[in-house]
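The same chain A turns up in both complexes below, where it pairs with chain B and then with chain C.
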Partner chain A sequence: MLEVRDLDVSYGRIRALRGVSLDVAEGEIVALIGANGAGKSSTMNAISGVVRAAAGEVRLDGRDLLGLPAHRIVGRGVVQVPEGRLIFAGLTVEENLRLAAAAAHDRRVEAEELERVLDLFPMLRHRLKDRGSNLSGGQAQMLALARGLIAAPKLLLLDEPSLGLAPVAAREVFGLIAKLRDSGVTILLVEQNVRQALAVADRGYVLEGGRIVLDGDAKELLGHDLLVKSYLGIRREEVA
Partner chain B sequence: MIDFVQNCFDGVMLGSSYALLAIGFTLIFGVMRRLNLSYGPSIMLGAFVGTLVFLEFRAGGLAVAAATVVGAVLVGIYVERLCFWAIRQGAAVASMVSSFAIWMQLEEVVTIAFPDRTYPFPPLTRTEPMDFGPFFFKVENLIMFACAVALTLGLHLLLYRTRFGLRIRAVAENPDAARYMGINIAAVTFLAFACASAIGGIAGYLIVAQDGQITPLFGLWATFKGLIAMMLGGMGSIPGAILGGLLLGVVEAQNIWYLGTEYRDLCAYALLFVFLVFRPGGMFGHTLAERERLALRRV
Partner chain C sequence: MDDHLVGVLSNIGMISFIALSAYLLLIVGEISFGQQAFFAISAYASGIATAMWGWDFWPGLAWGAAVAAAAAVLVGIPTLRIRGLYFSIATLAFAEMVRLVFEVFKYQVEIDGEMVGPDGSDGFRDIRYIFENDITAVEYMLMIYGLLAAVLCAFFLLERSRLGSIFRMIGQDPVLAQMQGIDVTAYKILALGMAGLVAGIGGGLYAHLTTFVEPKIFNVMLGVHSLAYGLIGGLGTAFGPLIGVAIDIGFLESIRAISGYRMIAFGGLVAVLLIFRPRGLLDEAAVNWIRLRLRRRHA
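== the complex of A and B ==
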């Protein structure tokens, strides 16, 4: 469904991505793993058009995405839930949702989509008139996910959905991602929580210094030497 | 006491025109976080288009009003393309400086095209003032006040009842987040700018029709009054712009009565100075430090 070929991204003289290629098939969850600054967010932002790529190709169902402005890419069905959630604190929960729905649907469908998403996030139903600033971190992440889903995306890009959340809230987020997988949503997932990301993903790519250094089946990656040494080992100590 | 109350009434009417100017200003600032110093001059140019229609075709009030608004919007779009869209990647101060340069350009254009400087403008109405007990009201003041109230309500409905308004509020709060939501920021900004110019055009028409004449200096005057009223209320806040405009109007009206017309502008600057020292964020706004704190608290 999504094909990324030889993607290069630079910020001034700093090269963030060097020839990144990856694929996401329909209905699949693919995890993008790597240390801070490895280029995970750059990859996502280049796919969603928020950052301009210097070179490469990005195709969705065979159609070119690269070079389109960000709002047109959302229109094509690629929706990113950005790192840090970026909830509109001054807008109500309902306004946050309607804003995201308006990008993809006309008025009649908007109400149905709102209902559909609220069934998925019953917690938000009681808080529709609350301002975004009154939500806890976990609730804000749920709103961010709901905002991404309300546009009925073909491909959902999740950038660090569990970052900064309490363990209970993080578990809830991963539970939801598993639920989304079962309902057939296609997801590209960036996560610093490598173990949980690979537990929920079908396949994974490991980024280092702006390059893909490893890829494969999620279960295999979990046992891979490089990963155990570089990421999982540290994780284990942190958890303990 | 009766004088004081009468001055308050007059001040509110005068202030309603300041409020309209400030609303246009604050709408642009709220959406772009950039100051448009050319706001007044683009309204001034619109008013000269109105004068042209009046002098050439002997047109009535409505046609002159329409010409003024259309002129202000077209010049506003010219300013937006040049000073904001073209350098949207650049620093905010670059937009402010270029809007100052365009201001000078617009004044030059008007001075060359209209060499007599002062031109007649058709008045709103020639009706006698109306008495209400000990107070009296000029009809054109009442019309101006009514228009200001109607426009403010209309803008409120636009911002809080339509999809376009929701997009404006989203872009004003956080353009980065808005981009992820699939919002075409350039389009929203452009349309918000055009709306602000139209509001400015209507305000300009009402004010100039009261004066009965237009000079190129109106641009400077409109930018100053709008800017001061906006800063009193808090930059980017629409309720602030309304209250700031009304406060400025009332203070000026009291001043004109008790101290004399020559102190009118001086007291406006004094009022701004007092606010900048004691309440730099204005009545409704946040100072930059507060804004940053809020941004950090953002979940």
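== the complex of A and C ==
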């Protein structure tokens, strides 16, 4: 469904991505793993059009995405849930959701989509009239996820959905991602929490210094030497 | 009503339009130092229509505001691609350019043996429609406030509408708005056009009240003031900029004993408010508080 080929991204003289290639098939959850500054968010932002790529190709169902302005990429069905629980604090929960739906649907479908998403996130239903600024961290992340889903995207880009959340809230987020997979949503997931990300993902890519250094089946990656040493922080014996 | 009071109230009304136009751009997160350009363009265009082409007042005013809106959209297309401070500087440069163009702009025709029309830096005299048609100062003041009420209603509708929410989204976080599928540049150009129209209404009203406009009236200070009105009065509601205008024009400029100290008091007021209420007297929090009180009383 999504094909990324030889993607280069630079910020001034700093090269953030050097020839990144990856694939996401329909219905799959693919995790993107790496340390801070490895290029995970740059990959996401280049796919969603928020950042301009210097070179490479990005195709969705065979059609070129690269070079389109970000709002048109949303129209093609690629929706990003950005890092850091970014919601519109001055708008109500309902406005946050309805405005995200408006870009993708007409008004009749919008009401149905709102219902569908509120069924997935029951706690948001009681808070529709509250302003975004009154939500807790976990609630704000739920709103950001709901807002990403309401446009019924073909591909959801989740950037660090558990970052800075209390363990209970983080578990809730991963539970939800598993639920989304079962309902057939395709997801590219960037996560610091490597173990939980690979537990929910089908496949994974490991980024280092703007390059992909490893890729494979999520279960295999969990036991891979490099990953165990660099990211899971445990000794080989414990895994075995 | 005495003449002085009518004059002051008319002034407050007219300046309110340009304050509202700067406020509209603040909502979408852009700071313009150049709204006086659209005020000026409409003052000239509507004056030309009534004094030289013999149009009636209302079509003349509509024409002036439309020309101002069109100019704003044309300026917006290249400048809104640049962000933040650079946009502010571009608007300032544009407004100065407009003023300098009017310094050399000559376009006159002979009417009843006299030359009428813009005459460069000597200005544009005899925009006499109001006097030739026996509209009294009080009547004209009521026309100003009628239009201001209509524009305010439009603002309140906007603030409750989807378009208003999109404007506020863009003002809070343009990148995030883009991620929701919103064409940020297109909406900003729309906002700039609407702001040009509102400033244009004020400019047309101004030209017909004073009967005489000259380029130096439309200098940077007019733009800086209109921006400051929103920051003084508050960015939470369209009433905010009007409060700012009322404080400045109604109080500082019009009371003779203190008018000599106007700029000192005005500058001090802006400085104090920026420290204690950075989003103005009626900021979003104050507006929410008032709304909640009102809702409770009704319930």
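Here is the rule we use: the second predicted complex is superposed on the first by the 233 of 240 C-alpha atoms of A that agree within 3 Å, B and C clash if a C-alpha of one lies under 4 Å from a C-alpha of the other, contacts with A are read in each partner's own complex, and residues count from 1 in each chain.
The rule we apply is simple: a contact is a pair of C-beta atoms (placed from the backbone, for glycine too) under 8 Å apart; a residue touches a chain by one contact, two chains touch by 3 or more.
The structure displayed is predicted, hence computed values, not measured ones.
Novice: Chain B versus chain C on the shared chain A, clash or fit?
Specialist: clash
Novice: Touch test for A:V79: chain B only (first), chain C only (second), both, or neither?
Specialist: The answer is both, since A:V79 touches chain B and chain C.
Novice: In the superposed arrangement, does chain B or chain C reach more residues of chain A?
Specialist: The partner that reaches more residues of chain A in the superposed model: B.
Novice: May I ask you to decide whether A:L99 touches chain B, chain C, both, or neither, giving the answer as first, second, both or neither?
Specialist: Both partners.
Novice: Determine, under the contact definition given at the top, whether A:S136 touches first (chain B), second (chain C), both, or neither.
Specialist: first
Novice: Do chain B and chain C touch any of the same residues on chain A, and if so, which?
Specialist: Dual-contact residues (chain A): 48, 50, 69-71, 74-75, 79-80, 82, 86, 88-91, 95, 98-100, 102-104, 147, 151.
Novice: Note which residues of chain A are touching chain C in the complex, please.
Specialist: Answer in residue numbers: 48-50, 69-71, 74-75, 79-80, 82, 86, 88-91, 95, 98-100, 102-104, 147, 151.
Novice: In their shared complex, at which residues does chain B touch chain A?
Specialist: Answer in residue numbers: 163, 166-167, 169-170, 173-174, 176-177, 179-185, 294, 297-299.
Novice: Inside the complex, what are the residues of chain A that reach chain B?
Specialist: For this pair, the touching residues of chain A are 48, 50, 69-71, 74-75, 79-82, 85-91, 95, 98-100, 102-104, 132-133, 135-137, 139-140, 147, 151.
Novice: Spell out the residues on chain C that touch chain A in their complex, using ranges where they run on.
Specialist: By the definition above, chain C touches chain A via 162, 165-166, 168-169, 172-173, 175-176, 178-184, 284.
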